Every structure is written in C-alpha cells, then in structure tokens.
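Look for chain A in each of the two complexes below; its partner is chain B in the first and chain C in the second.
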Partner chain A sequence: MIDYLVMGAGLSGLMSAYAAVQSGHRVKVIAKGLGALHWGAGSIDVLGYLPQARDAVVRRPLERLADLPANHPYTILGPAAVQDGLDKFMRLTEELGLPYYGAEAAGENLLLPSPAGALRPAFLAPAAQSAGTASDDAPMLIVGFERLRDFYPELIAENLTRQGIAARAVKLPYELLSDRRDANTVQLAQELDDENRTERLAEFLREAVRPGERIGLPALLGLARHAQVVTRLALAAGAPVFEIPTLPPSVPGIRLFNTLRAGLEARGVRVEAGMEVIEMNAEEGVIRWVASETSARPLRHSAERFVLATGGILGGGFMSDHTGRIWETVFDLPLTTPQSRSQWFRPAFLAPDGHPVFQGGVRVNAAFQPVDAQGAPCFANLHVVGGALAGCDPLAERSLEGLAIATGMNLLKE
Partner chain B sequence: MKRINTEILVIGGGATGTGIAWDAALRGFAVALVERRDLTHGTTGRYHGLLHSGGRYVVKDPQSAVECIQENRTLRHTHAHCIEETGGLFVVTPEDEGDFPDLFVQGCAETGVPCNEISVAAALRREPLLNPRISRVFEVPDGSADSFLATHATAQAARQAGARILTYHAVTGLLVTGGDGDKRVVGARVMDAVSGEEIHIHAAMVINATGAWAGRITGMVGIPISVIPGKGTMVAMNHRLVNTVINRCKMPADGDIIVPVHTVAVIGTTDERVADPENLRIEPWEVQLMLDEGEKLVPGISRARVVRAWAGVRPLYQEDYTGDSRDATRKFALLDHQRGHGVAGLITITGGKWTTFRLMAEKTVDLAVDYLGERQPCRTASTQVPGAEQGHYWLGHRLHEIEEEHLQGELICECELVTRTMIENAAKRNPTVTLDDIRRDVRLGMGPCQGGFCTYRAVGILHELARQAEGAGPTEEETKEGTERDAAWEVAYLQSPRHNLSADERPARDEAGLQPNLLLRDFLQERWKGVTPILWGRQLKQERLDELIYLNLMNADHLPQTGEKSPLTDFYLYDATPNEQTEAPA
Partner chain C sequence: MHTTSWHSVGPSLDECIKCNICTSYCPVSAVTDLFPGPKYSGPQAQRFRESGQPDTPDQAVDYCSGCRVCNEVCPTGVKIAELNARARAQIAKEKGIPLRNRLLGRNELMGRIGHYAPRLANFGLHNAVSRFLAEKVMGIARQAPLPYWSTDGSFGAWFKRTQKERLHARQKVVYFHGCATMYYEPFIGKAAVAVLEHNGYEVIVPPQNCCGLPMLSNGEFAAAEGYHQRNVNSMAGLARGGYPIVGTSTSCTLTLKEEAPELLDMHSPDVTALKMGVWDIFEWLRELHEEGKLRTDFRPINLKLPYHAPCQYRAHRVGKPALEIMALIPELEIPESHARCCGIAGTYGYKTEKYQIGMDVGEELFQFVREQGDDVTMTACDSETCRWQLEHGTDLPSRHPIEVLAAAYGLYDLETRELTSQSNSM
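== the complex of A and B ==
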C-alpha cells in the first residue's frame, strides 16, 4: 500500500510527490499526459500582475501577496510557506543540475524577453534564461535562423528597442541547426547536443557579435547536454549567451520535467503517464481507490491519501459542455466557476481582468482539502494542488508555476 | 484630393460586385470597384459555402431553382477550382412527414434540377454517419464552394480585363448633379481607409452592389429601399463529418443543411431578421438549435468538437414586405432608380444568393447598357477565371502538394497547411491591412487551434516583409503603372503550395505600414470573437492553451503600443460574448 497517490504529472504533481517522498512516504504519480511544463516558458512565474492592476508589473511578488484576495491559494498558504516552497525548489533544481536563479536584487521579478519582444515578469528562471534580464544594460544581439518558424529575431529586437533596450537582430543559416527538412525545437535542441554542431554555431556567433553584446538565442541550446552547450557557445563566441523561449513544445519546460522526473525516480517514485483516472471509490468520506484506464481493464490504485494535481481547464482537470456545466473530472468536486456560459467570457480576448471561466476552481480549507458549500471537507484523505484551485487565474496573473510549487511543496504542511 | 474618371463605378467587393466589374470590363467598359474593407468581408465571406443545385428551392421558389441549376453548371466551368464536386443528398428524416418528398420530386422535374432517388443503404454506404432512420434519399448536383477564392479569382479576371479594384476604400457620399426631379448620380466620394485620403470617382453609372447595406448607399440620395437583413448563423465542426452536402427534404428551415467545405463541416443556418447588418451577435440558442437540428441528420454531431460560429446577413429584398425573413424571396432585385425614383445614373442590385452571382451581374450590366449604349455582348458565362484550369478542388490538394514538394518544414499554419511563401505572396498580391485579410486569402488560422500557433508566426513573417518594405516607397513611374501592375497580380494560385514555392518577385512595398503588435492583437481578437459562442469542452481547453501562449509566453497584453488602431480594430472588439437574456422565438 502506498501512502500518497498523486494524480497529475505537471509541476504541482511532481512537487507534491517530492514533498511526500522527502518526508519518508511511499509515493506514486499517475497521469493522463505529461503536464503543462511542455507548453510554457520553463521559467517560474510567481506573480506578475495583480488582478486589479494588470497594467503595472509587480516588482516584488512576495511583498504583494497580501494584496491578493482572501481565497487565493497564496493567501491560504501565507507568504512564509510560499517563500519556503520556492527555496526548496531552488535547492532541488541545483542539486539535480538544472539551477534556477532569481533577480540580482533579491525578491524582485526578472524581466525577460518574450518571443514577441515583450518583457515577461518571471521570479525564477533557468540560468540560460536569467542572463537575458532587462536589468542588465548590455546590448542584445538576438540571433534567429532562416526558416525557423517559431522564432522571429527582428520582431523581438524591434519591440525591445521600443522599450528602451538596446537590441539588434541577425539571422543565421538554418543548416547550422539541422540537416532535416522539418524539425521542431525539441529535435533541434537534441541536434545541438552534438559537439560538432555546437562548435560550428559558435563560429558563426563569434563572427556576428560585437564587443559588449550578449547573445539571445531561441531556447533550443541542447537538451541532455544543455549546460555544456551554453558554456561552450559563450566561451567560443566570447560573449554571454542566453535563451528566449519559443512556441511550444518548450525545450526549457521539457528539461525541467525530465530533470524533476529523474530526481523523483532516483528517490523511488514512479511517474506513469497514459493513466487517465476514470473511476473512484469512497466509503464514509474516505477515498479507497481510484481506477485508471488501460487497454485491458480499469486498473485500481489504492492509497492512504490522494493528491489531485490534474490542473484546471488547461490541464484537463475540468471538463465542460455546451449547456454551461463545468465539472471536476475525477471526484466531481464542487467548483466556484459560474455554471452558465453567459458569465464565462469578457468581450476582449486580452481583457485586463481575465475571463471568469478561468478564475473558478476547487475551494479548499487551510489544509488544502476540497470543501463543500458549508466549508466541510469533501473527503478526509484528499488534497488539491496547482491549477485546479479556486480564487486565482494563474495565466492572467502569471502565477502558474509559483502556485504549483508553493502548493505542491507544502503538501504536508499542517 | 485625387480624382478618378471611369464609366462604371461598382460599390461593394462581394461576389456580386466583383462579378459586375468582371462582366462590365469584359464588355469593354472602363470600370472601377470600391470596397470599404477586404473583398468578401461582408456576406460573401460569411456564408456556408453551398453551391446550390436548386433542390432547396424547387417547391418554394421555382424561379430561384431554375436560376440555381443553370448557374451551378456555369460556375463549374468558369470557377472550376473554387468548387468541390461533393454532390448533395436530400434526406427524409422521421420528423419529415407529409407529401413534401413527392412535391420535391415533381418540383425537380419541373425546374430541371437533376434528381435521382437512391436507396437508404446506398446513402449510408456513401455517408456512414448519416441518420440510419431516414426513409428516402434523393441525389442532386449540389457542391461546395470557396467564396473567398472565387471572389479573388473573379476580381483578378476583372483586373486583367482592365478594371480597377480598390479595397479599403469606403464611399462617404455620392456625387450628384441637378435638383428635385432631374437628379443624376455622377460618381462617389471615397475615402481610403488606410491613408485617410479622399478620392472623387466620376462615373457615368454607379452600381450599388452592397447587398444588405444597399439602403445606406441609396439613402445618400434620399431613396429609401427595403432590404431585410436576414441574419444566418452557422457553426463549423472540427471534422468533415460528411463528404456530401446533406439537406433535409422539407420546406427550408433552420439548421437543415450540412455542407462539407475544405477541412470542416458547416451546419447552417438560422434566419433572423435583424436591424443592423453590421454587428451580429450570436445567441446561445442559435448554436444550440444548429446542433440539435444537425443531430437529426448526423446523430452524435452535437458531441463533436465545434471550432467556430459566425453569422452572415442575407440581403433579402421584397418591396413592402414586412414578414419573416425566412419567407422573403431568394430572388434577386435589380432596381433602376431612374425609372423607380427619378434619380439617374444609379442602379442597385441586391437579394439573390452566391450561386447566382454571375447571373445577377449579367442582368445588372444589361440594364447599365440600356443607358450607356451597347458594347460587346456578355461573355462571363463562357470565360474561365484565372486558375480554373487547375480543375475542381479536392480535399487532399494541399497535402498532396506539400508531400510532393517536401514542404513540411515550411508550414506556418499546420491546421490548414499554409506555407511561409503562401503567406508572403498573399501579402504582396492582395492589399493586406489585417491578418484576417491573409486568412481569407490562404485560410490562415481557420483550423482547430484558431490561430494559436500561426498568429505569432504570421506576424513575424509580415514584420520581416514590412522591414524590407521600409524606405522602398513607390516611385512616380510605378504609381502610373499601378493599374498594369494590378492586372499582373497572380491571385489565382493563392491557395496552392506548389505554385508558391518561391517568393513573389515583386518587392515588398505596400507592407511598409504594417505594425506587428497591432496585427497580433487584431487577429487574436478577431479569432476570439468567433470562438466565444462555441467555447466549451475540448475547444475551451484549446483556448486556454492559446491564452498560455499569448499571456504567459508572449506577454502580448503588455507589448509596447501607442494606441495604434486598424480600420477594423473596433469591429473586432464588438461584444460577441454569449448573452442568456435572449430566448429563441416561439
């Protein structure tokens, strides 16, 4: 019998599994897919914009948690626990060889170039991304590649320039990256793991860069040998090198996922994908087992405690239909989301206050147990973490990864 | 202020307007056409894509049926590459009782619409998802049509015959001489929506082909005409659930037709009388009705994924008519304002349907000839538009060309198989103000992700073109040659990857003013407008991924902006979110 069954292999699921196994519990992770890390930027966004003031970027996120509503997961946790979770994440990723860094001025958000050339507020970023911070005034050379459809250096450079950041763009031949006709960023990153390719690219970078510049490249600088690739490129080009994320699939996100998964497996935790939970069984308010779909017959998973880390609408934890019904897919937990489509959306896609349908979720108590309308726990042995939580819109406020880490790492906090 | 002199000025760049420009230019008239937005931005680009066999009208409106089957045959020749030979079925479902099927058969015989009854088993072999409880099936020569491509091809044919096509040119007033009793329209005041420049276009005859907006033009000279704007809502399913046009064999009503067009299947339509042809809100009950009715033809269709909903507005003209728009005639109306209202120099053509656009154009120019004098006879019925030699459209044509030419690495829009050079060439060959213009050219962003991936990529590509274009403004000589250059535009192969292997040799020039951040925001909003009525289930999840891309990854809501606006920014911002306050009419 295992102690914790975690459902979901996104960042919140992996963090929950880590928290539980570090406390000496037996843990298993089952998931339908592989989580949202594969889509995102690979950075850790804690809080970029406050719901009521989406125009102004949050400079010091942990100092602004008090401005969040009472039902926000950060408010329920408290700032100390959020900070503690992030510290643990930094120690863990450093130990696993994929270190994450914050701004030089401790506690501040990094402002990093987005693939459109806007400045993204991120609290922590992998070493290769944090070197692109706007607080450094070294001019940028944004390097793209002919035919690479997921990265446009001129667009980035122009928008950075409009924001007062010195930047120019060059495009290098696509053949430096690959001999294939068609490759996505993950395949290109794997190709750069090859030392000969790294050397050849470095020669071109050395030619292109001017003294004092730092070089921004699409985030495909190696997958398994990422750190060596970045070091080698910087050394050979004679300039600092940083990564700018690309359209999905996200190489930095996949690096983090692979690193965390390997770290968990080294601690004896199995992470199994392709297991969508389709059935559950509870007696007297205690969950006994859940069953996942397999090719033959439903497979039952029993555990002492269960962690729901299936995410919200994005992760697949919630489903909805044309009548306006929206529900949590495993336990049918009560959601705060309006059950009427007329209340789901605002007229503008980029509405400053976000869309109500994405703000609802599972209401929880201080122990992150889901509760009903009266505030009583729905099940004695169920916890909810990450994107499924009510009281926040993790995309609009740029808190997706921060919420996952803070709620996951604090799974066992009393 | 610029001045242009021409013989015929056509207002409206839909199917009818471009058809008139083509017809008149072929007969030897000097022609200019103005359209306030992009070609097909009005009703033409918002219909379900059915090439009528006429079957739909054989009982209710036999004259329309006769016109449809005649034009159906004509367009298969003149616009071959814009048409897919899907064929059509009229099916009798358990709900369709009574003698309609017999009246239908009789009506087909009387109007000359070929109709062949086939067994239910044969129909199910052809369309396995069809409701197995249907009792009778009739085969007719329906087809599906690409109204964007067809209009571009017609416009190009018109250019080649000497016509001038001015998009993003809005009529702000008519030029009039004389007073009460002997008024004559002698042209129009036109505003270039991009540059803001005013142009006076003088013409011996002004033809108002603005469809549902026709009253706005005639109102400028005090002529009230009654065009009933009949809003039709359609939903596009994520899959091509049928490969044949499926019609209910009954009196035309809401949601009784499914048309396979390109990669999707469209369920249409509602018919609601609306006050304003411009801002069309899609109500939840309309989407629900389409799905419920679609269910009777293809059981389970309401559980399939919906990618988009949109509404077009039919221009239904009936003198002194005040009833339901569904019952208004589909026949077209040609109004001679000299005879009717004592205002010379102005003709209005409205009503009708896409399938009969060429015939409408022919009759309109015939009337203009009464005043302008005989030239060459009409030749549009036998003249192919550029690109028609490619033969009929078939679903696999893009994939086939991509595979043959190994273009997988060039795909910018994976959903609709659009390559980089297709986008670049479309931008160079057709005036481009928004990414939506590119969408109409090459189907950018029309697939399941609704622009999630390709919006950013297309913005990046157009920005590179704009950079190339900077400082390369037109020389004086080139301005003079403008009309000849227009004629050389090769838009016939816009949609063919194989014909766009290399970038157009014309230098980027007109793209100089494109602002990437504006293109991005406009197109995201344009796509949003059409998905909000159908966002639930997996399409809602897809939309959340698009949010992840444009909020978290791009931070698109914080891109530098200085209040820039395109001519369509406000149009896209119109509130189209579902509103539960309205109910279906009893």
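== the complex of A and C ==
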C-alpha cells in the first residue's frame, strides 16, 4: 500500500510527489498523458499581473501577495510558505543539474523576451533563459534559422527595439541544425547534443556576433547535454548566449520534466503515463481507491491519501460539454466555474481581466482539501494542488508555475 | 468483404490539440524523414480520409511502426496508433498486400512448417545465400534478427509429453503461449508453467492460434478477424468460467485484450468475455502478490540485469508489473530502461526498407544497455521480437522476466534456459 497517490504529472503533481517522498512517504504518480510542462516556457511565473492592475507588471511578486483576494491559493498558504516552496524548488533543480535563477535584484521579476519579442515577467528561469533579462543593457543579437517555423528573429528584434532594447536579427542556414527535411524543436535540440553540430553552429555565431552583444537563440540548445551545449556556444562565440522559448512542444519544459522525473525515480517514485483515472471508490468520506483505464479491466490504485494534480480546463482536469457544463473529471468535485457557455468568455480574446472559464476551479480549505458549498471537506484524504484550484487566474496573473510549486511543495504543511 | 467502422476510433481525433507531444516522443520520426510523425499521419491526415475514398492522402503512414508511444504520451487521449493501423489497412485494401507482408503476417504458419524439421529449417533460413535471396526477392533485411526454430520440439509437444508430471489442482489458470513460445522459444512456456505450478495452479493450455497481430500490423484485417474469432471460440468459455488467461507474449495479450476487438470492431459478448479474461502473466502475478498469495521463496540472484519494458507492454497501461515482481528477488539489481522502443516493432524492423530505421530507433536502448557497464552479461525484456532485436543490437543474451522468476524459485537455469531437476519433483 502506498501513502500518496498523485494524479497528474505536471509541475504540481511532481512537486507534490517530491514533498511527500522527502517526508519519507511511499509515493506513486500516474497521469493520462504528458502535458503541462511540455507546453509551458520552462520558466517559473509566480505573479506577473494583479487582478486590479492588469496593465502594470508586478515588480516584486512576493511583496504583492497580500494584494490578492482572500480565497487565492497564495493567500491560503501565506507568503512564507510560497517563498519556502520556491526556495525548495531552486535547491532541488540545482541539485539535479538544471539550476534556476531569479533576477539579480533579489525578489524582482525577470523580464524575458517571448518568441513574439514581447517582454514577459517570470520569477525564476533556467540559467539559459535568465541571461536574456531586459535589466541587462547589453544589446541582443537574435538568431533564427531558415525554415524554422514560428520563430522569426526580425519580428523579435523589431519588437524589442520598439520597447527600447537594442536588438538586431540574423538568420542562419537550417542545415546548421539538421540534415533532416523537417524537424520539430525537440528533435533539433537532440541533434545539437551532437558535439560536431554544436561546434559548427558556434563558428557561425562567432562570425555573426559583434563585440558587446549577447546572443538570443530559439530554445533548442541541446536536450540531454543542454548545459554543455550552452557553455560551448558561449565560449566559442565569446558572448553570452540565451534561449528564447518557442511554441510547443517546449524544450525547456521537457528538460524540466525529464530532470524532475529522474530526480523522483532516484528517490523511488514511479511516474506512469498512459493511465487515465476513470473510477473512484469512497466510504464514509474516505477515498479507498481510484481505478485507471487499461487495455482490459480497470486497474485499482489504493493509497492512504490522494492528490489531485490534474490541472484545470487546459490541463485536462476539467471537462465540458456543448451546454457549457464543466466538471472535474475524477471526483466530480464542486467547481466555481460558470456552468453556462455564455459566461465562459469576455468578448475580447486578450481581455485584460482574463476569462471567467479559466478563473473557476475547486474550492479548498486551509489544508487544501476540496470543500462543498458549506465549506465542509468532500473527502478526508484528498488534496488538490495546482491549476485545478479556484480563486486564481493562472493565465491572466501569470502565476501557473508558482501556484504549482507553492501548493505542491507545501502538500504536507500543517 | 471486411469493412471497418470508422466511428469508435475516429472521433478521438477531435481531441487533438496539436501540441506535438506525440511527434516529440515518436521514436520513428526522430530518426527518419520518411515518417513525418504521429500528429501528421494520424489526426491530421485522418481528416482527409473517408471510407471508400479512392486514394489515401498519406502513404507515409506505412512507416509508422505501431509502437504506440504516441498514445502513451498524448495528453488528450487521441487513439493515434489505431488511426494509423486503420490507415495502413486502407492502403493494403487499395494496393494489395505484398507477399513479404503476407509471410511476415503468418509467423504461426512459418513456425509450424519449420518445426517439423527444425535443423533443416534453421539451416535453410539462416545461411548467407538464403538471407541474400530473401532480401533481394522478398525484401526481408538480411541482417534482421529472425528467430531460430526450437530443435527441442515445440512447447505443445512438451506440454503433452509431460502431462503426467504436471500439477493437478483445484485452482486453474489458462496459458496463452503465442507462436514464438510454441515453435521458437518453448523454454519460455516451460518457465511460465513452472512458475504457475510453483504457486499451486494447474495450467490449462487450450487449443489456440496466432493472435492475429502480425496481420493487423500488415493491414490484413480480414485474415486477422478469422484468427481472432477462432481464439474467441476456443477460450471465451474458459474466460466466462472465471479462469484467468495469462500470456507471456505482451503483444499477443494486448491483441486479445484490445487491438483485435478495437481495430476489427469485434464487440460480441464472447469477444468481450475473452478481452476481460486475458492478463499479461506478470500483471496477474502482481495481482496475486497484492492478495498475499504469491510465493516469495526466492533465491538471491546476484546479477545486474538491465530491463526494458517493451512498447507493446506499456500499451497495456498497467504499469510495469514484471519490474515490480522482479524487484522482490534478493540481490537482483535492475536498471530500468526509459528507451521508447527497441525498433523492431513486431515485423517492422525485418523489412529491408525499414531495417536501418529500426536499428536507429533501437540505438537509444542499446546505448542504455552499454552505459550500464561491462559487468552486464544479460538483459531482460518481455517481448520475443524485442529480445531478439536487443540481442542483435547489444550482442548480449536477453531473457524474459518469467525466466528470471523461475530461476529465482530455483526451477530454471538462466544460462542454459532449461528447467532444473527440482522443477520436475514439485
């Protein structure tokens, strides 16, 4: 019998598993598929915008947590626990060889270029992204590649220039990355793991860069040998090198997933994909088991405690139908999400206040147990973490990863 | 004529959110331009496929190996591998099936023909001239790891011959051996019988034939349907009677459980009864263990044994039960492979035009084995064709976990692949 069964292998699930195994518990992670981390930028957004001031970037996120509503997961945890979770994440990723860094001015958000050349607030970023911070005034050389889809260096450089950041663009031959006719960013990153390819690219970068510039490249600088690739390119080019995240699939996100999964497995935690939970059994408010779909009979998973880390409507934790009904897929927990399609969205796609459909979720008590309308826990041994939580808008706030880490890492907090 | 409904698998393509995770994990599109990836050949090309449409929009789907890694990682549950298998059947219907694929689809027939004179058959198949001819005339790669017929007789003959020594007990379990155990590797079946009897179960081996998977993989759906129906006729009654039907071949058991019913749209009560009664042998032993009924009188095995759970095993979606049970054996160290696929994918890697792709796909696994160090003398893997590929790619012998378990019970010699004398005196 295991102590904790975690459902979901995104950041919140992996963090919960880590917190539980570090406390000496037996833990297993099951997931329908791989997601979440494979789509994100690989950076850790804690709080980029406040609900009441959507057009002003939050400079010091941890100091503004007090401005969030009372039912916000950060408020329920309290700022000390949020900080503690982030510290643990930094120590863990450093130990596992994929270090994350914050801004040089401690406590501030980094402003990092997006693949459209916009500046996005992130609290922590992998080493290879943090060198692209806007607070550094070294001019940027944005390097793209012919035929590489969805990464246009001219667009990025022009938009950065308009925002007062000196940037110019250059496009290198696609053949530097691959001999393949076509490949996606993950496959290209694997090709760059090859030293000869890194060397050839380094030569071109050395030619292209001007003194004093730093070089921004699409986030495909190696997968398994990422750190070596970045170091080699920077040394050979004689300039700092940084990554700009691409459209999904996200190489920085996959690196983080692979790293955390390996770290968990080294601690004896299995992470199983391809297992969708389709059934549950509870007696007197205590969950006995959940069952996942298989090629024949459902497979039962018994545990002392269960962690729901399946995400919200985007992560697959919630489903909807054509009437606008939205439900949580495993336990059918009560949701605060509007149950009518006409109330899902505001008229503007990029509405500054976000969209109600992304703002609802599972209401929890101080122990992160889901609660019913009267505030009573639905089940005694269920915790909810990450994107499924109510009281927040991870998209509009830019808080998705921060929420995942803070709620996951504090799973066992009294 | 056999027609397939496009309704049970097809609608899942609407769940595709174009995230490309499948393409990122696809082991085939990672090594060749000939296969653009699951997203393109699966849910995207599917929008241009209609039942009865004259031309298929995507010939490249023939390069899908059917490993099902795409299904495993898809966050939204698109049945990509099934879409591709049906598309290959459509191509087979349009263009006909080459003789080579018909032959590869009939390994049961090949097995039976060869087993009458195994030494002659082995010589006939495994010599440079015939492999050269097989490559030139048929397109079966000359280096590909084709199996050797057992010179020790078939599993069926052994089981019949040793009936008097077999355990007769109230608790009974049905064994599905598959063609490979029957004709090429009877020792796998012997190990399975020894393990089951050691746990107090009488083993029933009912009449059975090929599960049909090689035909499904090669687009011969109509023939596969006949094979599956005969297995259903033979075993549905046993399943209904509550006898667990366990198999040592992970792809056979997957076919009986899911592939055949789903791809062939066979959903009769008998088909479903069989589906629900079939277990991978370790899936069932794990269940036994959870009930506290698995004997754990294991001898230590002082060995470092890299283990690869084959893609067709992972497609059962039951985790890695063989790993969990082997982990109970004292002193056995089992580094776990995370390689996606060994590359052989059933009959895929045998084909001349796909042999190198298969080897390139398998490199991830071969490298994992090499990285485990020089003290590794053996590997473990559940699927027969994967073991042959693993041996081909690493030059190390490979064993089925059931052989390892039988050895831990002291019933089996891992080196010689023979039952020990103790097993006969049970």
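Operating definition for what follows: the second predicted complex is superposed on the first by the 414 of 414 C-alpha atoms of A that agree within 3 Å, B and C clash if a C-alpha of one lies under 4 Å from a C-alpha of the other, contacts with A are read in each partner's own complex, and residues count from 1 in each chain.
Simple rule for what comes next: contacts are C-beta pairs under 8 Å (C-beta built on N, C-alpha and C of every residue); 3 or more make two chains touch, one makes a residue touch a chain.
Everything quoted here is computed from the prediction, not taken from an experiment.
With chain A as the common reference, chain B sits beside chain C without any clash.
By the document's definition of touching, neither partner reaches A:A266: not chain B, not chain C. When chain A is checked against chain B and against chain C, the one touching more of its residues turns out to be B. In the superposed model, A:M275 lies in contact with chain C only, and not with chain B.
Once the two complexes are laid over each other on the shared chain, residue contacts for A:P248 go to chain B and to chain C alike. By the touch criterion defined above, A:R181 lies against chain B and chain C together after alignment on the C-alpha atoms of chain A. In the superposed model, A:S320 lies in contact with chain B only, and not with chain C. Of the two partner chains, chain C is the only one touched by A:S292; chain B is not.
Look at A:W39: by the touch rule set out above, it reaches both chain B and chain C. When the two structures are aligned on the shared chain, A:Q190 is found in touch with chain C, with no touch to chain B. The superposed arrangement places chain B and chain C with a least CA-CA distance of 5 Å.
Residues 36, 39, 180-182, 248, 316 of chain A are contacted both by chain B in one complex and by chain C in the other.
The part of chain A that touches chain B in the complex is made up of residues 36, 39-41, 45, 54, 57, 114-121, 147, 149-152, 154-155, 158-159, 162-163, 180-183, 245, 247-248, 312-314, 316, 319-322, 324, 340-342, 344-350, 352, 357-358, 395-396, 398, 400. Listed in rising order, the residues of chain A touching chain C in the complex are 32-36, 38-39, 180-182, 184, 186-187, 190, 248-249, 254, 265, 270, 272-276, 292-297, 299, 316. Taken together, the chain B residues at the contact with chain A in this complex read 284, 287-288, 291, 302, 406, 408-412, 420, 453, 456-457, 459-461, 463-464, 467, 516-517, 520-521, 524-525, 527-528, 532, 534-537, 540-541, 544-545, 547-560, 573-581. Residue ranges on chain C touching chain A, taken from their complex, read 19-21, 23-25, 29-30, 33, 36-37, 71-77, 254, 257-258, 275-276, 278-279, 314-320, 336.
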